[in-house]
Amino acid sequence: MKNKYSIFSIIKNAFSYNENWQRAWRDPEPKKEYDAIIIGGGGHGLATAFYLAKKHNMTNIAVVEKGWIGGGNTGRNTTIIRSNYLWDASAGLYDHALKIWEGLSQELNYNVMFSQRGVMNLAHNLQDVRDLKRRTHANRLNGIDAVWLNTEEVKKFCPIINTSPDIRYPVLGGTLQRRAGTARHDAVAWGYARGADAMGVDIIQNCEVKGIKRNGDSVEGVETTKGFIKTKKIGVVAAGHSSVIANMVDLKLPLESKPLQALVSEPVKPIIDTVVMSNAVHAYVSQSDKGELVIGAGTDAYVSYTQRGSHDVVEGTLKAILELYPIFSRMKMLRQWGGIVDICPDASPIISKTHIKGLYFNCGWGTGGFKATPGSGDLFAHTIANDEPHKLNADFNINRFVSGDLVDEHGAAAVAH
Amino acid sequence: MPNWNSAIKKIDVNDVVSVNLNHHSELFISEVEPIMKLNIRGKSRDFLSMIGKILNIILPTETNTSTTNKFITAIWLSPDEWLIFKNNVTNRGAEETNIEENLYKNISQKKLGSITNVSDQFVMINIQGKNLYELLSSGCPFNFNDFKNKKGAVTQTLLNHTDVIIYNEDINKINLFVRRSFSAHLWSWMNDSARFI
Amino acid sequence: MFLINCPYCGERDQSEFSAGGEAHIVRPKQPTELSDDQWAEFLFMRKNIKGVQFERWNHAHGCRKWFNMVRDTSNDKIYAVYKMGEKPPTK
Amino acid sequence: MGKTKPFLDFQNDSTANDIKLALREGFKSIEHVKRYTTTGMATDQGKLSNMHALGIIAETAGVKMGELGTTTFRPPYTPLTFGTIVGRNVGEFFDITRRTPIHDWHVENKAKFENVGQWKRAWYYPIDNENMHEAVQRESKAARDSAGILDASTLGKIDIQGSDASEFLNRVYTNAWSKLEIGKCRYGLMLNEDGMVYDDGVTTRLSENHYLMTTTTGGAANVLSKLEDYLQTEWPELDVYLTSVTDHYGTVSICGPNSKKILSKIIPDLDLSDKEFPHMSFKNALIDSIRCRVMRISFTGEHSYEINIQASYAKSVWEKCFEAGKEFNITPYGTETMHLLRAEKGFIIAGQDTDGTMTPVDLQMDWIISKKKYDFIGKRSLYRSDTIREDRKQLVGLITDDPKEILEEGAQIVAETNKQPVEMLGHVTSSYFSPNLNKSIALAVVKNGKKLKGQKMFVPMENKIINVTITDTVFLDKENKRLNA
């Protein structure tokens, strides 16, 4: 059993100059066989393993990660968490996640720094207003907190926004979810890893999957850089690289992988105490606990796995930032990076069985996967353990692309971040 | 006859705008009064020879080039698309209509290709001066190194995020074609940018 | 950001182009005879390759012509461009 | 060891001890150490601390420094200001502003503008201290009672020529085009390949192999690019050429019972009789000596004309129409009134009443899907298991029990009021107070709406519940008498 993190353990360890802290997770070599293998040691994959162990008693499982855990999109996003999605299915999914977020630090005994500072989405044209109001009404009826703010209320809530009617795309109002906010991305991966490890889950880093072995319609195991590992159930949670794994079994998914960029500024004193998103002009900003402005840019419009993107995307985002926050003009860009996101045609994820027995996919989160991490892990664990989806992810199956029953969060102009 | 109105707000078209802010800058930007412009499309040999016959010009088939005669210039837009424009400002009316109708009758109606009047689709802006390419480069991803020394060269590219066609008329002298609805904004941008070179 | 050699206009900045996804996915000539599965395959399912991929690009802000490209999506290296209707390079 | 604080990253206050602690806790990867201790994440980008950190890690773990690798270096090498990156692209230059050829007139006449994509469109024209509601009510009434004038120049216009032009239209629109007579206009709906409504507009057959297509304002560029894509990649065998003429023409639309009289003053030699120039047809004409095309088409349900004239002359022609219409109190109206007038007639706006999830059948526009055509873009998708469901969300009309109550666009519709959570059946897509009917009207999409006509529904607002009834989508002049009035 692991040390419990607490005020007492901090004091106790302080006396011994912090020499006696235990490892957060082990560093095991893979066993010959597991009951299930999760491919991908990001937040979603580690959460899946955690809930498989915790809720479904599957502890003889492994997470295999080709690099270091949390090194993919988990460590490359703008950490926005919200659940104000339009369609019932999405609202159900993301609010399930938000409810877990609200107790996650306690559940994991690990501070994920979840901060409910609110997320505000701005409207800049009349159709934006219609779409955001539609979403606000739908949220309210779905029991998700959402309020519409007029321009004055937007200004009051976040005074540094330029709400002048004379700017190119004036702020016509916005919708606010107060329960929404941000969390510390790395901590989420580490917390889940530590929790899963404590229940016996093997977290195997630097172990790249090279192939999936099949026997007819069933999976038999994975070929990795650390050898063959036998298993009957494989859950793929390799955001960005889902198609790479799918292509190993000749499975085509409705995905395109694209670089999504983000950047941070130098750290400054607290200036913005909420998250503001603006889909129409494409500017998303919040401030991290370290004081850096965390700014989300867009995706490039072509498939690429390069983990970098075009400069014009960054330029386009920053001009929108300065349009809305002229006060940031002298702020310095400190770091800029790109993550690879796989995007479904309807901007909704897939958490689903496949036609291959024992092979499950959790992918297609596009630009908005971080917020769903706990919910996604919980529902994917349910799907893997029971070979059946939970009712909250039933609509997010692969078959929807055949039937046409999409969960179209695009058309509804709900931003996917 | 209805009044003709410039696309470029508050600019008197006869008034050549010049920017000469510091000792080395020199730029003259002016809108060229309306001239006939036609978009012509076609693929076949018959099409090319018919155009030659009617306009007395050989359409350029080499990428990014143009041909010109006394009256008109033809610029290459793609393997089956050209923009032709008159070299001189003329009043609209019979002469212009005749050329267009003649082409339409012999090309469009004979199914050899298409003829579309785009006189007002594009606003033509003349820019000259030794700092011309500095202005263009401040908002354009195109590499003008070869272009600027090649009289008659043509390129389609972006200038300040706006689609433009640029025609090298002479050393440090170009004609720029921009869609009308974008033209006032681009004009304003050029005047702003010119202050910084 | 990279340069693309438009088969018609020559080398240009990528910002003049727009991407059209995987190449050589031909629209079925007789869609009504396809099953829902087969139609979905055409509509949505993609290989989304990490590595050398055949794809469609359009010189949207130039000659407006569509063409094909062979590009390594893992490093944006372009191996070939070829016109619509031409056979893809074999190597 | 332990008691001292050997600082490593002077900005982030991380020490050598922090690094060793990270290693003890299992944060082995160099990236984990960086993220756990924040070493190297300050404004120097690790230039001062990273090498030392690597040395300490190597020493502690007993490996060579070279084996550890480095963290990924992120641009820029030296932090630079947002302002430097953005340059002059703020304020006026934040985004392109597209203006119609009649823009200056709208400015001179104190129009309020709406941003539609990059376009500035006249939204409404307040007189004195009118607010938007008052201006729109006045404009809407004038357009139906006498005459209104609208700048429709922003509509996308595509010139289509070639011997296969008709076949091309057959493939891109849901309805049939081969038999459209020369000189006639037809409304068309364009779908995405997934069967959902994408764009709409009126296309005119100018001659045997020559059409002029109009698209929505916002859709123009995408439609042209999509059509080019099909032509070049799927159907290269078709002899068709597409040329954008959106900017070449200014479009002046005059509508209302007196529009005919006004047009006859502008173009006296044009026969405007219903027989010679019926609804959904076009004529070439001259205004003074300038050629123009006049379409008798209507987005308001009124007797109406659209004059397409070379853009340089559009403002002048607009002023001429205005002058000629003065005796009929011709009233300029903007996009808001246009939206209201079309809603009275139940005409959709692609992008407002549709959201990428509506098929033509959902819009109750089954009539526009040709039964004879073998194929068109999106046809196959209309027969998937989900798209053939009969209880999909469908476009309907809504009227409020209280005729003064105006529904909020985006408001949700439910059948029950005493349940939480309650099933949302649909939402209000368009809503206005109609001065011509003197009541509030709305368009909405409602699950199984086709079969629910006459049913009572509820629109739950934050602080009240509004009672509504599902109706037909056409509120005014169901017999289309006004078109020929």
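Each chain gets a letter, A, B, C and D, in the order it is written, and its residues are counted from 1.
To be clear about the criterion, a residue touches a chain if its C-beta (ideal position, glycine included) is under 8 Å from a C-beta of that chain, and two chains touch if they have at least 3 such contacts.
The shown structure was predicted, so the numbers you read here are calculated from the model rather than taken from an experiment.
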Of B-D and A-C, the pair joined by more C-beta contact pairs is B-D
Cα centroid separation, chain A vs chain D, in Å, comes to 30
In whole angstrom, the CA-centroid distance of chain C from chain D equals 28
Where chain A touches two or more other chains at once, the residues are 345, 402-403
Expected list for chain D, residues touching two or more other chains, is 92, 97, 194, 381, 384-385
For chain B, residue numbers touching 2 or more other chains are none
Chain-chain contacts, ordered by label, are A-C, A-D, B-C, B-D, C-D
Chain D residues touching chain C in their complex are 193-194, 225, 228-229, 232-234, 236, 374-375, 379-381, 383-385
Chain B residues touching chain C in their complex are 63-64, 77-79, 81, 141-143, 155-158, 163
Per the touch rule above, chain C residues touching chain A in the complex are 1, 14-15, 18-19, 21, 36-37, 39-41, 43-50, 53, 55, 57, 73-76
The chain D residues in contact with chain B across the complex are 88, 92-93, 96-101, 103-104, 119, 154, 159, 161-163, 207-210, 239, 241, 243-249, 287-291, 310-317, 320
Touching chain D in the complex, chain C uses residues 18, 20, 26-28, 30-32, 34, 36, 39, 43, 56, 58, 60, 64-66, 84-85
